[in-house]
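Each structure below is given as structure tokens.
Note that chain A is present in both complexes that follow, paired respectively with chain B and with chain C.
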Partner chain A sequence: MTDTLLPDTPVGVGAAKTGSGPVAAAVARAAEPPRRRRRRLKEIHVHLLLLAALVVIAVFPTLVATHDPFELDGIPFTSPNGTHFFGTDEIGRDLYSRVVHGLQISLFSATLAVVVALVLGSVVGILSGLRPGSWLDRVLGVGTEAVMAVPAVLLALAVITTYGRGAFVAAIAIGLGEATGFARLVRGVVIQSSTFTFVEAARTCGAGPIRTITRHIVPNVFHPVLSYTALQFGLALLAIGSLSYLGFGEAPPSPEWGVLIAGGQKYLAHAWWVAIIPGLALTAVVVLLNRIAYLLQEDH
Partner chain B sequence: MTDAILRVTDLTVTYRRDDQVDTALDAVSIEVPRGKVTAIIGESGSGKSTLAHAIVRLLPHNGGIPAGAIDFEGENVLERSDKAFRPLRGRHVGFVPQDPIASLNPTRTIGAQLRESFKLAHSPLSPAAVQERILTDLRDVGFTDPETLLTRYPHELSGGMRQRILVAIAFSQRPALVIADEPTSALDVLVGQDVLRSIHEARTKHDSTVVLITHDLALASRNADHVIVLQRGVVAEAGPVAEVFADPQHEYTRALLASSARVAEGRVLSIAEAYARHDRGTAPALSTDVAIRLDGVHKRFGSGRGGTVAMEGVSLEVPRGSTFALVGESGSGKTTTSRVILGLESADAGTVQVLGQDVGSLKRKQLRDLRRRVQVVYQSPFESLNPRLSLRGIIGEPLDAFKVGTPTERAARVAELLELVQLPAAYAERRPRELSGGQRQRVAIARALAIQPEVVVLDEPVSALDATVQAQVLDLLGEIQRELGLTYFLVTHDLAVVADVAQTVAVMRRGRIVEQGTTDQVILRAEDTYTKALLAV
Partner chain C sequence: MTTTTDTTEPTPLETPATPRSTVVRDVSRVVAGRLVHAALVIYAAYSASFFLLFVLPGDAVLARIGTTDTVGVADISDLDLDVLRDEVGLSDSLWTQYWNGIAGLFRGDLGSSLVNDRAVTDLLAEALPNTLALAGLSLLLSVPLGFLLALLAVNPRSRLVRSFAALVPSAYVSLPVFWIGILFIYLFSITLGWFPSGGSQSASALVLPVAVLALLGAAQFAQVLISSLRTELGTTYASVTAPAKGASRFYTLWHHCLRNAAFPFLAVFGLRVGQLLGGTVVIEVVFSRTGIGRLMVDSVKAVDLTVVLGLVVVLAIVYVVVNMLVDIGYSLLDPRLRRRASTTQEVTS
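Up next is the complex of A and B:
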């Protein structure tokens, strides 16, 4: 699955390669970005602003939460109204405040998962991409494939049964699984960027390997990886929710969204909001992240 | 008025780019006389390919024709719908594309693709007659064994063979007009000549009119009867080749002709003639001090039967302070030779000495030290500059890498280098995409000179540039050499460039050096048959 995510267009130089002809026109274009590009940038900004707002809420949930997420301060199964925006759950806790606090757990564990995946994957990817075909590349390649061969959920379950349940362990487990995709992507773009003449030019200019990587390869790898990160962030969010839903992540009474959905589904028939609203929240955040990933890729 | 098969009147073509509209052709009017070869010449961005594509209606989706008329055989074909136009293509107008590699379907045999052109044109011929005609056509474009050729796939053929097949396809329906868009620019010189010869033969046999799009003045002068000079989407000048080239009326035509040493007084000079005319003053005696010495160098890529030999016993000497040119076609091993000198590839056998050091035996650190003294300028300035860095970052790279001086001194050095390559100091903050090809190559030269090397390897330094820009960049390189006393190792496919700048020359073919000596010897008194063939172009 991850292979199809590899960018099939050359990174970086593509745009720069086109003709030398009407220079004046080209300069004018570069100086004033066309309207469509401005629109796209604007859309990215709006989406990033939304994400930033979510992060603020995740860090300071009490800013927007109206109730204590654990306190029984309402009549069970009150439908959404003025005091309880999302209604109450089966024992009378305010669902809105629980969803807000749940965002913290979800967002933080997904961040952790993605950071683990990004760091591990980039290190493996760069190491194997710098000398494709070397013994190191082959060893890392076999390792990556071995991890990929195990279904992600199974891998996560194995880690969790070994190290105990909870959002933290679940996040690390998910991150390990996602690292393989990053490793493949980074390896691909590193190999591709190494073939750019300017990378060789840097070497003949006397630039050492560290300098070549940081100045010439990483900036060109950055864009596809950034976009892929946003995509994986959404997937991590989903995966963590799924693990909790299955009972391997957070446990009740935690307001983690997977837990909320699992708890609420018994009452779907007469109190739809208890399961549906956390589900919608999860969907909305994942869609937001996917959209950001798409826009970043487009921008590139 | 002459009998014109094609008459374009006030044609304007625009390209939509996002919300912007660029005008590629601005009210262009041309006439193509029947039965003749008309060359459309111009530099990149002049709109010559746009004109060709507009005529055969192959403009990209963002191209539009807001005004003008294209009269083919007296009918304005712009009034035809796409569907009504399609029967014209192939049957009445043939097209030879620029890139023979991309223009044939790799999954189908040559025979199938030739037969397809008959099928698409709804040819009334019987299959047997089609087969017969394909075989004759292939013989006409120079294939001696067309029967076996039909069963082969494009990848089994060389670029020149593929281009001749595309010529055969273009002429297969006996069109009245054939448009060839830079048919030889992707090919080696000698191979390109075969292709042009095949076009001429097909043209005379089938009595067609040919429009030849090219940037090469010598080629236009030798192959065309009429010439149309385009400059930035406007016709600068048009008329019979002999007249236009002998007595150019437009300033731009004069500039183009001046940039090509090969065309003078309305005719093409041989390389030797151009060389003899070239005023080189009194050449200083070659130094006996040797900067680069290769002795019996072998290099092979891959192993076993699939491997290729890139260098076979290459020996050469480059005197210090001079320009040495290594000439050869693609695949001759000339680029490998330059990479071996730079230490980017290691030789399998033989010794490589650069500035007195044996490159093969150097440790990584010693090689890096040697690179302070040996720098390189690559062929394509579009690929050799990191698009994300400013010119300050690019030119300052070697200074930063070798930690030369303080940051202020480095900035001053960058400014100095920009001045040396005749770019405004304000360009330091620009990025490569804001520059033209010639300017980018100046940046690449500035970067190579930043740490004051003694030897500069020039790998086809001007072949990606327009003719007028080529001349400027070569002049600049010459000035810098005289000023700094550099040694140049020039790799090129173009003997005309060599005649301009080099003191010693080696001609390489299939990994071997076939001729070597001073430029006088090689250009004026060549002995090897291959060198002679190259010189005869």
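Up next is the complex of A and C:
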């Protein structure tokens, strides 16, 4: 089974991350006692609720923000206290409100990156998975590996060199790099699921390739791809953070988390919170997303 | 290749013993296949990044005069810009530039910087030693550390210890690399004063960046090793046969399971090299070290297309070569892959 799931070359993101295969996990889960299953489902729901809360905060940051993120309404470098939960930065802006407003930029650019990666990766993966070994599969395989060969940060930097800095460009660049993983994964599951009996049956009944994909294969590959998406969402957040830390994402007055961390690093010696707290926020969101990815993978 | 005499005795097993000459032939076939593939991948990476970088809406020649917009160039007439373009070869047609670049790649010549005319290979040679020291040391440390973490997460009898040790690597990979760097600077440099917070002169400045990257690599290796070791421990040979003959849990892990668990580890090792090179870019900026990362950031800021292209191509070559070696290592270790590779080649050729 793993043989069909693995790409031709034994090295691959899909192979490394989901190597043992969703089917193997499903077989292992079949014998799970109902009480444990219920507990795990509850855990998923709690995590999804947390994520929903984050999305609400991202859309309406003023709901929880206590100050204006750009207003200078405090003494510079006040340490965290009752009025300024996370303290203030070098010119007296409220760090808590800035972090809350920064969530919007981070979540939205990560969403853009993941959507680009998902769409591009699925198209490439399905095209190459339909007829494994065909010339199209080979060309797309070499192309995928060529993109993988360039480290994600460098690829994004190359795109930024051409199209200029900005959160939008950075997100699309990150999505481009992440598309390779999706392409590998989707190719693997498409090849695997086209060996299922019901897919062969559908073909025998005269279903064309498009119908076979949309009605029979996609519902089956949905789950592993969903879990992988959650994982890549976290990685996209980290990558976008790194890019804006390097100075290629949002420009400084913006409360994007990478920008906040880069700005705070200069004052690390006497005001640790300016750089450390936005990083904690970023870590918390990524941990949440990774946990969701893990739970979804287990759930299948 | 030396000719080998067939010394293997006929075995009573059904499968015929593979003579060494076949092994050599199979492996060299794998090597040849991988070489062609690697060359194709590098060519594709070069072409893609060339067209990405050079078919651009802006004007690359502006990098030459140290600006990226037209605000400061009002006093320079179009004629001067054309002369400049001629000078750096940007006025040739795109295809001429492309073919010149490919030809240069074969000669080991990556062109020269648009900003200061220095050869890209010289710039790289200057930046590489620092980066290689950082990346190499952290990779070297992360392998034993990863194995140690994985054994800690699988071997102890206490369930609490095991689940805690399994949690550490998955938590660490969720942390932003640049933020860990800053955290380490705050803890070990500002608060405790043990190591310098940056720079690339002294050896002690290497400690913190190496620690950040080595831990990250170790965490990734441990994650893969833990899941494959758990699978191995569930198999019959480890859960029934080994205890039945009196082997301890650690003996079973060390002598039986680790070897089987090493295959997914190899795959991740190849991928890790690529990520490590990306990670060093960020870490070098955090710790203000000189190296590939600094060169990359500076040339992106200056829109120095040739240097960016050169860096992308060199790092792609490193990645491809490492992964090719990993693949060949696979086929040396696992005869099944070797045979499959040779049969697929026969089918296609």
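Here is the rule we use: the second predicted complex is superposed on the first by the 267 of 300 C-alpha atoms of A that agree within 3 Å, B and C clash if a C-alpha of one lies under 4 Å from a C-alpha of the other, contacts with A are read in each partner's own complex, and residues count from 1 in each chain.
Throughout what follows, a contact is a pair of C-beta atoms (placed from the backbone, for glycine too) under 8 Å apart; a residue touches a chain by one contact, two chains touch by 3 or more.
What you see is a predicted model, and the numbers here were worked out from it, not measured in a lab.
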### Query
Can A:Arg37 be said to touch chain B (first), chain C (second), both, or neither?
first
### Task
Mind telling me which of the two, chain B or chain C, contacts the most residues of chain A?
C
### Query
Which of the two partners, first being chain B and second being chain C, lies in contact with A:Ala158: first, second, both, or neither?
second
### Task
Identify the partner contact of A:Val287: answer first if only chain B is touched, second if only chain C is, both if each is, neither if none is.
second
### Query
What part of chain A is shared between its chain B contacts and its chain C contacts?
12-13, 15-16, 19-20
### Query
Within the complex, which stretch of chain B touches chain A?
17-20, 22, 43-46, 232, 342, 344, 368, 371-372, 375-376, 378, 380, 382-389, 393, 397-398, 400-402, 432-440, 444, 447, 450-451, 465-466
## Note on the structure
Note: in the complex, chain A contacts chain C through residues 8-13, 15-16, 19-20, 133, 142-143, 145-155, 157-164, 234, 238, 241-242, 245-248, 258, 261, 264-265, 268-269, 272, 275-276, 279, 282-283, 286-287, 290, 294
### Query
In their shared complex, at which residues does chain C touch chain A?
37, 40-42, 44-45, 48-49, 52-53, 56-58, 170-171, 173-179, 182-183, 185-186, 190, 224, 227, 231, 263-264, 267-268, 270-271, 274-275, 277-279, 281-282, 285-286, 296-297, 299-301, 303, 305, 308-309, 311-312, 315-316, 319-320, 323, 326-327, 330, 337, 344, 348
### Message
If we count contacts the way the header does, which residues on chain A are in touch with chain B in the complex?
### Response
12-13, 15-17, 19-23, 25-27, 29-30, 34-37, 196-198, 200-208, 211, 215-216, 219-220
